[in-house]
């Protein structure tokens, strides 16, 4: 099928490049050096090539690196699933690498790691992420997984001297490490069942898992991967950690790293277990709905651009998990073909999200570079100083709001189709209700995402600047534009020609679901799975239609009547001069949604009046509004509080009294004697 | 896809959209015991705006200038997808019901963005409210689509056209879609199309900075949107007298157009009546109403299984 | 070399000394003055000497005599002496009270209960298993365990540094008794090693006690509570 | 012969150190040279055992098999590093006036140090289990002097608790030894001895009821010394009050020596009673130790106590590993023993350095170490990550190996390892929270540290020996996480081969 067949050893090239990048970064340690970044770009490029090649190969590539101890062999395998995720990792990485050249020179101070450290860590980060999806044994997976967390932890804490970043990094690594513990337990269950620690053995023994073990496995995997993916309420680290990292790293963390968790779910639930029970699918869909909805609502409540994006990642992970749930449910119901469609929908959306989320993070990074802030309330009017960045950002916003004809819409369209397919195939009122709720929530989420990114793009780029920094903003460097432009192009390209992705996904779904779904959305064909469900969406035609019905008439009219009679005058604001403070702020913009969904997001508001003289003279009003997510208070803070209080209680046992200690020894002896006798 | 059908449909939609608006306004006036303006008044208004000079804010960027045309294009394309006088979508290859929703969203995105572009606080207010309410409308609309798509086994608008007397599920869905139509077209009790009072306005707020030709385009597009939604209701729930797209004859088309006109007029009368019979809701009570639409949508989906299609 | 007394006679002697040791142990729960406690400890040493002497007389092996010699040297002479000296050199005089935290009315029944528990624990492995190579002293093993328990009980309930050492030595004595009764003592090298360790240990504890007394002007170990958590 | 040389060398160093204390440079050099010599000899012994099987000496007093070899190697390595670290550490203490008797104390220190090393080496080399007990008690006595080295109130308190609790514990152990001997005498008559070779050969014949009772006393007794909760109460005091080089040795290898004794008796007990009894007890103590360590780590205020509690945790882990048993569990446990020894020693040496710089061990006063002493800061961070079980460091591997072995084992082993995995996650949180604050954060002003008697910034040259000690440790911690050399794993296999057949013969 392919004209070019790469040798197996080609897979080593990206890792070689990443390693070189790390070495180069550590060796040069001079500001301004672009060599490590270029090596990273090269690594990502070759990684993408290797991934594409892996998707074409009929046989997976297998390799054993070495054994740490005889029982722990580091083995790796490139199969279609791994190859697809390698692609997901590598494509945004190309852009991030390019972007990094200019970004790291421009961004200094503010707790960011020094350039050489950022470069070295980025190289290691990419390498470890790539290893995660290639890992083929318990130990290699765990090593790669933990290294990925560790490296990104250092990227999050930056130079470590900012308490906020440090806190973010701490929450991040602790949660991810504990979740890795759950994963470890899940893998250990598989190991117990399979009698071996490599994935091959897990696959072979998939049918042998007992009922209880299977349920435990599912829950552990959901907890473990759910934390890394950022499913609510396991996501608390995510909106802290992602914004704290340098922007091109945030892009990769948000766009790519969370996907490794999805990869893990696919690996475990599809390959290591047979015949999943229905409730798993239900569970995933419900978890996905909760994350998607709350995620985007929290995103709407944020002012910090990167936190908005981070919460939006929570949302998209939710959407992806809904797709996973639908696929799993279809699998348990025995509809392989529609399950394949749902998988395609999930994975297409996953890929698309990695593109446009990276694009938006890079855009946010550009804004921060230019203005020194990410606070929407201090931005505005950037479209004049940074016109090209504005184009990239609005492109990303269109895509993330799932609007045709960009790539965000493709995934959601497919997802709606899969849900409908689930509803039709299941033919049961319970599942129909589930489908209705999932579909409705998906629509609600998409509409809220639109609101969210109208807000981000509108308040950020349009109207009058809200601060001096925003007023003085200047366009960022060329390499940063290269990175963003590349992704914007990909957003458009994948929106118009998603068929490319469907083709690439064929071997993946064949290996996972045993069936393929290839919705052909192009100029000609539009029907997908004619037996089950039919819908149509032709992106290219939609573009043609939009141009023909919208742009062409405009141009024609301009041609006929000239520029039209138009004149420029100040905005009318009831007769006074427009001031930035009069504009709708980001907080105000989200107010209707805050009110409508108050029951869900529980905003808090404090208003204090100071009346020093008498009740009638208010000297000062303090107004404070914020969203403190309830799970943080009721789940995490309580758990941490419990641990601390319990610890203090327990520590009283270490009272310093040697007689008490002797009594412990004595009591222990007595107890053990009692047990032993 | 039949280019002829497409061409006819697009022209008809463009042509009749202001008329539908006129019908609703007149109906409303009559229900209120007023004479009201002429049924063709919307045409005069459009002509006036299209001919006028446009005043553009000094804050505005290309977003502000471009938005009306993308808005118009997207709405028109969406309208082209809906079966109107023929049994079947005029442009099935372009997209299905979900694309229809998506195109509306695209239009909304640009308009909401443009409303923020001038820095006017009215624009911001309209934009903010529009996206918030649309967030509630969209799931309801989609659920209605699900309710009819599940039995049809397709989201293609052609396949969704009703096939006779509606069942329980369809009736529930119809109610939901009516609420959606009211919200989407900015009518009482959700919005008031006739006022620029900042306490209540939603859609008009976004248009406030526009004038002249762009304003005309926007108004026209809004009317087309209104017609498209009404046509969707007609096609889904009142599927009588539609022309057969496979064998288009002049008579068939004429009959189709006539019945379409009647159905739209009837729905217009109904809308006028609703606008008269209800008071405008306080703005933050409106979500409750739209929420009802979503609940009805879920019920409709369930009903397809309980009662059976 | 012929045995001066028979195995069964020796067994009886050992059995009786075991009971005697238990009695001394229980008595030390009752005493209030450190001097008395040290005397009781020396008494224990003497009883142990008797027991190991009986064992030695019964087999007349040089190993047994050596063990006997060690026992007498360490347990009867050296340890009480060291303790006596330290006690004499303590800077404060009121430290000669043992100061129990559990009143005697309570402590004594508890000690009795411990002894009963020891009998209960040893029962499955005890007398029935005494083979041809041990002495048929049914009270030796449980008595030893009881003494062991009393030893740690003393340590856990007394406040003076020296009483802790006394408790510790009581525990050592218990094991010595068990060793003599059950296995004719441990292998000689081990026996010597243990004796050396015990002696060094007691010396070291005495040293630390002295240092504490110097630094804190008291040997109340309840004052040693700065390290916690 | 090598073996005898190894067991004489530390003594030959110790005594002159005490005698020649007036000549500080000389005893410092002597100390380093002696430690080097000991380490070299130990290495030779280990290689000898690894290639030629168990070794003994002409008198029959000593017997060194694979298990002993693992311990000898670890003790000597950590000992060497500690000896190197001691030089600079004590010089600064001397200069700061922390030594009451000045150079005389220095002499005592080096004397005690080498005697301490010697007792440990002897403990793991003796052939006789009774002498093994004697050795363990000797380690207590030798190290108690070092724990109370500063003769401050706190140091004396720690030494007192250490010596009393460990002696009490070990007295119980002696009772266990006695019961074992009793069982042996019953099994094989007058020929009975406490020689390991003789005992292990006939282990299956030992009376099960007696061995159960014996093992209970052994476990409580040596467990006190090893630091199993709730018998660990002395541990944090002693490890935090001792001079830091000693703390490293105490935490790293002394605990392991006690574990070594437990292992020997576990094998005997398992042979007599079947594996379950001893294994389950070890699992229970192991899990409990890990669980008890958690709260103390979470709210700890003292850097060295933090590390000490982490030792409780890791000893618990090793107990779990040995409780799991089997070739996998055994190898995992031994690997963990080695990894923990190296990592914990590294941490104590670094923490000692930091505490000296700041003049305090209070975590709340230690801030921004990377900015004041970058090398120490980074090493501390790496060490904490390593000890908390992060790759690419070695403890990660052994923890994975332990849990894997547990899940491949019995139901109890599975439950224990599952619990431990969860607890380890929480402990990671506790350790890292403390570590991050110390490593990063805003450093205190110079004069604040000086007011504690510390000197945050020092000249590099002073630290050369320190670097020579910690850098190889750090490197080893890293490299063992990437690959454990074949000979080492072979040695571990030899251990389970010597201990395991005992258990399998007893399939009654």
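Letters A, B, C and D name the chains as they come in the text, with residue numbers starting at 1 for each one.
We adopt the following convention: a residue touches a chain if its C-beta (ideal position, glycine included) is under 8 Å from a C-beta of that chain, and two chains touch if they have at least 3 such contacts.
All values derive from a computational prediction rather than experimental measurement.
Novice: Contact counts by the stated rule: is the higher one at A-D or A-C?
Specialist: Most contacts of the two pairs: A-D.
Novice: Return the chain whose centre of C-alpha atoms lies at maximal distance from the corresponding centre of chain A.
Specialist: The most remote chain is C.
Novice: Which chain, with its centre taken as the mean C-alpha position, is closest to the global C-alpha centre?
Specialist: A
Novice: Can you work out the whole-Å distance between the CA centroids of chain A and chain D?
Specialist: From the centre of chain A to the centre of chain D is 44 Å.
Novice: What's the distance between the Cα centroids of chain A and chain C, rounded to whole Å?
Specialist: Each chain reduced to its C-alpha mean, chain A and chain C end up 69 Å apart.
Novice: Counting in whole Å, what is the centre-to-centre distance of chain C and chain D, each centre being its mean C-alpha position?
Specialist: Comparing mean C-alpha positions, chain D is 31 Å from chain C.
Novice: Distance-wise, how many Å sit between the C-alpha centres of chain A and chain B, to the nearest whole number?
Specialist: Once rounded, the distance between the two centres reads 35 Å.
Novice: Any chance you could list the residues of chain D touching two or more other chains?
Specialist: In chain D, 160-161, 164, 168, 172, 213, 236, 296, 299 touch at least two other chains.
Novice: Could you tell me which residues belong to chain C and also touch two or more other chains?
Specialist: 121, 124, 152, 155, 164, 221, 224-227, 229
Novice: Two-or-more-chain contact residues of chain A, please, as numbers and ranges.
Specialist: In chain A, residues 651, 654, 658, 660, 662, 665, 669, 673 touch at least two other chains, as defined above.
Novice: Once the touch criterion is applied, which pairs of chains come out as touching?
Specialist: Per the contact definition above, the touching pairs are A-B, A-C, A-D, C-D.
Novice: Okay, in this complex, where on chain D does chain C touch?
Specialist: Residues 61, 128, 130-131, 133-134, 137-138, 140-141, 144-145, 148, 151, 153-154, 156-161, 163-164, 167-168, 171-172, 174-175, 177-179, 181-182, 185-186, 189-190, 192-194, 207, 209-210, 213, 236-237, 240-241, 296, 299-301, 305.
Novice: Where on chain D is chain A touching in the complex?
Specialist: Contact set of chain D toward chain A: 160-161, 164-165, 168-169, 172, 212-213, 215-217, 219-220, 224, 230-231, 233-234, 236, 277, 281, 292, 294-296, 298-299, 328, 331, 335, 368, 370-371, 385, 390-392, 396-397, 400-401, 403-404, 406-408, 414, 417-418, 421-422, 424-426, 428-429, 432-433, 436, 439-442, 481-484, 489.
Novice: If we count contacts the way the header does, which residues on chain B are in touch with chain A in the complex?
Specialist: Of all residues in chain B, those touching chain A are 10, 52-59, 61-63, 69-74, 76-77, 80, 91-99, 101-103, 105-106, 108-109, 112-113, 116-121, 123-125, 127-129, 131-143, 146-147, 149-150, 153-156, 159, 208-209, 212-213, 284, 287, 294, 297-298, 301-302, 304-306.
Novice: Would you mind writing out the residues of chain A in touch with chain C in their complex?
Specialist: 651, 654-660, 662-663, 665-666, 669-670, 673, 677
Novice: Over in the complex, which chain C residues touch chain A? Could you list them?
Specialist: 101, 117, 120-121, 124, 149, 152-153, 155-159, 164, 221-222, 224-229
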